[in-house]
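Take a look at these structures.
You will see chain A twice below: alongside chain B first, and alongside chain C after that.
Moving on, here comes the complex of A and B:
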């Protein structure tokens, strides 16, 4: 990809230091998010996708910690920045929306004021101007009757509207990158489609989006490029078309086989046997080996390395391309 | 909202009437003749009879009660047997002192409680947390008289910083206020800590951080306001119990407040005064819980308005 990169994550490592030992929630993850593109991370619960997002935002919760790697925003490594500098980046250059619109807004503050807050924090404008901008962005994200909604409390709005408020809050400073952590998981399908359309529109406005989801349908609909994560590692990355057309990693294949489709008729869905391994006790060699249908003798001993199947299509499997 | 307050007011009148009835008849069941206490053991029967008739105590109890309520509605709570002054004016005078004490105790309790609670929550499991929570355990479990005597010993007797008891300037209220507020400070700090810890784990705290708010800003502007909901309720109820008179503190520190007045009334079998103080305390407590409820409605938009 010759595109300019908005965000580059190199060898990111996030660990949780628990009583039972170090849990490597994110283990050597590298991502590239080009300007104006939507990049997806897909994986099961607990694969480290949300932790990657939180690490980028600098919002890891105790006892989680970034233990290695670099996160570069427009070429500048943001990990060593002071908390103060990070605060000035958060909400203005990188912003984030969360999974649960029902609980992501402060219940005792009017939604308009909550969006204003982002403006007032990052620019030197009057309250009146902040309100004007908030109402304008409300209109942009498709909130009807924005003047009235401005004075609503979160409990007075539906889930879809609240997520629009969240998007408005994240977008009001026109950030370079928006991280969306399962933004539509808690919403019903019609509202999901509206929100996805809105995000696509925002992307056309120049903001790059990192879309985190466990829903392959969502990823297929809007992402340009996809990373598949498993047990804290990226196991496969490719542009969306290639990934869905020619998946190489057995895990990706398993995920795609587990999706129902009209073409398949009434057959039973495939499943991936077993469960995600405990990150404290990862098997030696390939983390997926215990569940892999194509596992060979060597997989349990040798750590797989990335193999580039075609330009931009990398797979973390010793036997990629040979299956 | 207004309807529910109206409802509560009507309920309050019912509660007051019930309490009045209960106190009235309880005072007539307990042993001890007020006339005998008043006149001394050697009074002759004729004087006792005359006195009983004068005070209306020869009437049937129900008549006495109806008379009492009729008077109370007009603001007349009778005249104290022992002090010879109208009960309402005695309570009025004593309330001034109780009010001073209560406000100072409440300020002490809330400021100390909230500040310690917030610090403990932010530094969860750290050293300040352990120190404050250890102290607050003392706060909630030490009886008032013990705190009062320790304070008197250390700050008045030993260090001579503050007067030991009595007096009327603000300095005389410092030790009693701390003694009285000690308990509330302990419970407020524990409640603030636990509520704040819970709230700091809420999703909207992440949202505020993601917006670019710093840690302190998030705590003050987003977390504290939500954490205050249960705390305010607790504080309003505490305030009403402080205002209804602190029997032990006022006695130890010789403050002429409602609590001390009630003790005097009990010792002197002063029926009107005792009725008056008990009724007054009930009234303040009802007012306090009413205040707590309305404040909750103001602070939490989810209750009230459209409900």
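Moving on, here comes the complex of A and C:
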């Protein structure tokens, strides 16, 4: 990709130091997010998607810790920054929205005031100016009657509206990158479509988006490039069309087979057998070997190499391209 | 009457449903629900307000002064001139009770507020920051709580000496630890909420998060803590005064009056009974109010 990179994550490692030992929640993950694009991360629960997002935001909770790698925002490594410097970056240059719009707003503060907070923190403006900007962004994210909504408390708004408020809060300072951690999981399908359209619009306005989801439908709709994660590692990356047309890693294939479709008629849905392995006791070789339908003898012993099998399409499987 | 009872229960259910639907909770609706759901608490609130008015308007309400001696009328029983009788110096008991309520309410409210400000600040810091701050603050609180509170108060009073200011300081020192403990656990719970995380995401610094996002959500806890701590402060002050460590005569304080009346318990029992009854009333009223407020403010807790 020739584009300028907004966010680059290199060999990021996040570990949790528990009583039972070190859990490598994110193990050597590298991501590239070009300016003005939407990049998706898919994977099952517990594969490290959200931990990657938290590490980027600098919001890992104890006992989680970044143990290696670099996170560069416009070429500047943001990992060694002090808490204060991180505070000034968060919300202004890098921002995030959450899965659960119902609990992501403070119930005792008017939603308008909560959005104001972001403006007042990061720019030197009066309260009146902040309010004007908040109402403006409310209009931009499609909140009808923004003047009236400004004075609402969160419980007076529907889920879709709350998610819009969350997006407004994240977007008001026009950050370079927005991390969306399953932004539509808690919403119903019509609202989901509206929110996705909104995110696409934001992206056209110049913000890069890192979209985390376990919903392949969502990824297919709006992402330009996709990373598939499994047990803390990226197992496959490609642009969206390549990934959906020509998946190479058995895990990606499994995920795609597990998507229901009206066209497939009445047959039973495929599933991937087993569960995500305990990150404390990963197998010697490929982490997916225990559940892989195409597993061979070597898979359990040899760690596969992450290779590029065609330009921009990388796979973590010894036998990719041969299956 | 079964019909009437049913109607009331429906009313309560109605209130519950509305509160679950997230109807806006302002001071007025809370008061309304308090009156409807818990008449005892509402009555207590009225009583407390009356006593406060009595304390404020004491000079207007009585023709006597709290230290005016009338040696002709020593230890006289309740009469039209002295509704609750007089003490060994011929001072009007009702008057002393009214003036004493100033001390008692003051002692109830001010140290409680002081203890709550200190306890809440330390509790929130401990809960939110965790780590070493948490460790230091909570171990200090544990040490404070390890002493019997009455004994601790007595020791501190002995060291500081008598006087209103010292009583307030002592009570605050004795009470902050339990407040800190409760606020800390509340903070730990609130900290996990996603809106705290969301605030972090837009770059709100941690002290601001504590003030803007944690503190307001602790408010119901504060109100309940306040109403439950006020009577315990009043009681502790009464005990200290009774033991001669608190307010000094001729100032009037309820505990002091009980102590003075003790000697005349057999021939003039009203001397001790009147302030004892006053203490009991106020303490019960605050407790009932606190209970009622807790029920109203916390929808998760089922009414017992």
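Keep in mind that, in the parts below, the second predicted complex is superposed on the first by the 323 of 323 C-alpha atoms of A that agree within 3 Å, B and C clash if a C-alpha of one lies under 4 Å from a C-alpha of the other, contacts with A are read in each partner's own complex, and residues count from 1 in each chain.
Convention: contacts are C-beta pairs under 8 Å (C-beta built on N, C-alpha and C of every residue); 3 or more make two chains touch, one makes a residue touch a chain.
All figures in this text were calculated on a predicted structure; none of them were measured in a lab.
On the shared subunit chain A, the superposed partners chain B and chain C overlap sterically.
In the superposition on chain A, contact of A:166 is made with both chain B and chain C. In the superposition on chain A, A:201 makes contact with neither chain B nor chain C. By the document's definition of touching, neither partner reaches A:148: not chain B, not chain C.
By the touch criterion defined above, A:88 lies against chain B and chain C together after alignment on the C-alpha atoms of chain A. Applying the stated contact rule after C-alpha superposition, one finds that A:174 touches neither chain B nor chain C.
Of the two partner chains placed around the shared chain by superposition, chain B and chain C are both touched by A:104. The contact surfaces that chain B and chain C form on chain A in the two complexes overlap at residues 57, 59, 83-84, 87-92, 95-96, 98, 100, 103-109, 117-118, 121-122, 153, 155-156, 166, 169-170.
For chain A in complex with chain C, the touching residues are 57, 59, 62, 83-84, 86-92, 95-96, 98, 100, 103-109, 117-118, 121-122, 153, 155-156, 166, 169-170. Chain contact summary for the complex, chain C toward chain A: residues 22, 24, 130, 193-195, 197-206, 212-213, 216-217, 219.
Those residues of chain B whose C-beta lies close enough to touch chain A in the complex are 202-204, 206-215, 222, 225-226, 229, 299-302, 306.
Here chain A touches chain B in the complex through residues 57, 59, 83-84, 87-92, 95-96, 98, 100, 103-109, 114, 117-118, 121-122, 153, 155-156, 166, 169-170, going by the rule given at the top.
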